[in-house]
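Here the chain labels run A, B, C and D in written order, and each chain numbers its own residues starting at 1.
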Amino acid sequence: MTLKLGIFYFLAAFTVWAAAVVVLGKNIVRAAVALIFGFCGMAALYVLLDAEFLAAVQVLIYVGGITILLLFAIMLTSRIGATTARVVNDQVILSAMAAVGLLVGLIYASTSGIPAMSGPPRLPETTPFLGRALLTTYALPFEAVSVLLLAAMVGAIILARKE
Amino acid sequence: MMTFASLVERFYAAMAAWGIPWIVPTLIVMVIVVSVVLAYISVAAMFMIWWERKISAHIQVRYGPMRVGGWHGWAQSIADGIKLLLKEDLIPAGADKVVFVLAPMVVFGATVAAYVTIPWAPGLIVRDLNIGILYMVSISSLVVVGIIMAGWSSNNKYATLGALRSAAQAVSYEVPLVLSLLGPVMIAGTMSMGKLVEAQSGRWFGVLPGWFVFPQIVAFLIYFTCALAECNRLPFDIPEAESELVAGFHVEYSGMRFAMFFLAEYANMFVVSAIATTVFLGGWHGPWIPLPGLPREVAHGLFGLVWFQVKCYFLIFVMMWLRWTLARLRVDQLMAFAWKVLLPISFANLIVTGLVLVLGKQALLYVGGIAILLLAAILLAARPAARTVRVGERT
Amino acid sequence: MAADYAYVGFFLVVGVLFVILNIEVLSRIIRPHNPNPQKLTTYECGEEPIGIGWIRFHVRYYLYALVYIVFAVETVFLFPWAIVFRELGMFAFLEMMVFIGILLVGLAYAWKKGALEWA
Amino acid sequence: MIPLSHYLILGGIIFSLGVFGALTRRNAIAILMSIELMLNGVNLNFIAFARYLPQTMLQGQVFAIFVITVAAAEAVVGLAIVLGLYRNFKTVNVDEINLMKW
């Protein structure tokens, strides 16, 4: 299946490019737009991993929700006129060293620590399976999520509304 | 139609017999499929634009386009298209050009991608994705992102404000829309569009067709209202209200770039109607007769195709009819309606549906009674108090 | 499974290519192109635009998006529930009622605090 | 078949990019965006493991759903905090907000 590998490399390159624009881009709105494309690339990778339900969730929550929230927040706070302002702080070199060190460690761990696995030929439809898991095995975290969401909503409303 | 699938199979087999690698016939089929869908989108959108002009004209007791092409001005949309093709393309000097150019691509690409899982007729569906309805919902959330991109990048106050309003309205109506789609999903136990249609093949009480609109009438009405809002159709067209915002997010788009937004808007109207038809109105189901000289499946498929189109265009007709009948809502009414009326009702509908499914049909009477009481209580509670608008007050 | 989604990707790409073909190829050949500074200003009903169009706006837009995200996350859990709930029966139903009930408290709070008010 | 390590390395690259952004960006919203990237890199690993280790019964996907939920909550509250910061300091650049620094 060299075609699948080719698609993977294309999607991987696309996602990494988008992520790089997010991290290094000067214009904050363009960074947010790149983030949208990055999220879509991730969703495509999830599909490649037979997780189509999670891909749809990724698009619905991240692209349809979080990025809209981000764009709103950018438009509420940014002084767009000042585009030439410095975008990074003065710890760039130190941070770059930390990030590269982390990356080297992660690559080492993923290539040597984990045996090569081929995986099953095909997963069954995942959505009913996830539903069963969420309602039985993970019933407690599932209910905890609703409390988390309630707390987040209440807190955010208090923070955002204070005039 | 089953015969389409078998035709494709035969094509693959023939290509394999010739010794051509599988990728070639696969690509050929994909290109043919996507070309057919794009041709359908363009022709249907042009037809809808002409149709809308005729409907609005007849409602206002005038003729509408009559000249281009002879019979009732049928070629008006083609003439409009050629005119837009010839228009100069202007990008404002202060605009963010990259985002400005990307925005129509995002909107149109997402709209085209939604056609992947529309069930046209028995067996005639590009791909029956197993998360079908969720896929539809999530791919259409990309359109909102495209609209924000268009409005923001124009560097125009009207466009920015229109995009913001559009996004706020779309997210507000998205929640009741998704909740209303969940009722049929619970009854059918599947999200795949094809299986949802098949689940409606029976009959209710032996007489009514087994469409989900009958047990889920509340959900259907909520869905249709929200679909109007998602398409920015009147009475929910505050994002592009011409009297206050000129045209909303696409003020600065001209020529072909504007045409792409226009095309996507009408293509989107068809998508929301197709979802309503699939989920609530029984999709391709309808009476059919075996035509002489045609195999059973082909006849069934042809009738299914016709029924699906008839239902979709009926819903589109209702949308256009509403546009010339209702007045535009105020922004605060618009938002309050989504959050304070539609959302509680759709939650109530979800709970009632769940109760009936868990307790069985005999619970229907009790649940129905309680539901009506609950709805009445919610509506009474949500009824806006008499409000005096002071002169000069801004909303 | 994943092969089905090849069509999704293909449709997305072709949709974008269709836009590029129409705007950048087909229309570019035949349309005129003579911009001038007047044409390239942003449209403001004939007035000279004052300042840039990137205005700052009211926080209420943010509040709607905020409440939306919470309910969008909730629908994510509702979809798998709706599919399997007939086989799990009353237990799953009650579980989801608890979940929805807690979120409805949040909705009531937002309602009471006026986060849903356009004011 | 794509080797598992490909996915893990990709997840690592995205995570490291997110770390770099979170450590260096001045704009608080850009920092939040970098954190979302980090969470996405982690999710990719979860889903890849769920795919390649069938005996885990899709635990990875369940966990990814919870991560997405937490990411949504984090974005909602985080951006509300950023709005509060902007209201008080008229800037969202974190190195100019040094009330708690000495």
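Note that a residue touches a chain if its C-beta (ideal position, glycine included) is under 8 Å from a C-beta of that chain, and two chains touch if they have at least 3 such contacts.
As the structure is a prediction and not an experimental result, all values here were calculated from the model.
Comparing per-chain C-alpha centres with the mean over every protein C-alpha atom, the closest match is chain C. Interface comparison, A-D versus C-D: the higher count of C-beta contacts falls to A-D. Chain A and chain D have centres, each the mean of its CA atoms, that are 6 Å apart. Here the CA centre of chain C is 21 Å from the CA centre of chain D. One finds 34 Å separating the Cα centroids of chain B and chain D.
If you average the Cα atoms of chain A and of chain C, the two centres end up 17 Å apart. Residues of chain A found to touch two or more other chains are 48, 50, 52-53, 57, 60-61, 64-66, 68-69, 72-73, 75-76, 123, 125, 127, 130, 134, 145, 149, 152-153, 156-157, 160. Multi-chain contact residues of chain D, defined as those touching 2 or more other chains: 65, 68-69, 72-73, 75-76, 79-80, 83.
Residue positions of chain B with contacts to 2 or more other chains are 129-130, 134-135, 152, 160, 164, 167, 171, 174, 191. Chain pairs that touch one another, listed by label: A-B, A-C, A-D, B-C, C-D. Chain B makes touch with chain A in their complex at residues 23, 96, 98-99, 102, 129-131, 134-135, 137-139, 141-142, 144-145, 148-149, 152, 160, 164, 167, 171, 174, 191.
Residues of chain A that touch chain B in their complex: 3, 27, 29-30, 33, 36, 40, 52-53, 56-57, 59-60, 63-65, 67-68, 71-72, 75, 125, 127. For chain C in complex with chain B, the residues that touch the partner chain are 1, 4-8, 10-16, 18-20, 22-23, 26-28, 30-35, 37, 39-45, 49, 52-55, 57, 60-61, 64-65, 67-68, 71-72, 75, 78-79, 82-86, 89-90, 93, 96-97, 100, 104, 107, 111, 116-119. Of all residues in chain A, those touching chain D in their complex are 1, 4-5, 8, 12, 15-16, 19-20, 22-24, 28, 31-32, 35, 38-39, 42, 45-46, 48-51, 53-54, 57-58, 61-62, 65-66, 69-70, 73-74, 76-78, 85-92, 94-96, 98-100, 102-103, 106-107, 109-111, 114, 116-120, 123, 126, 129-130, 133-134, 138, 141, 145, 148-149, 151-153, 155-157, 159-160, 162. For chain D in complex with chain C, the touching residues are 65, 68-69, 72-73, 75-76, 79-80, 83.
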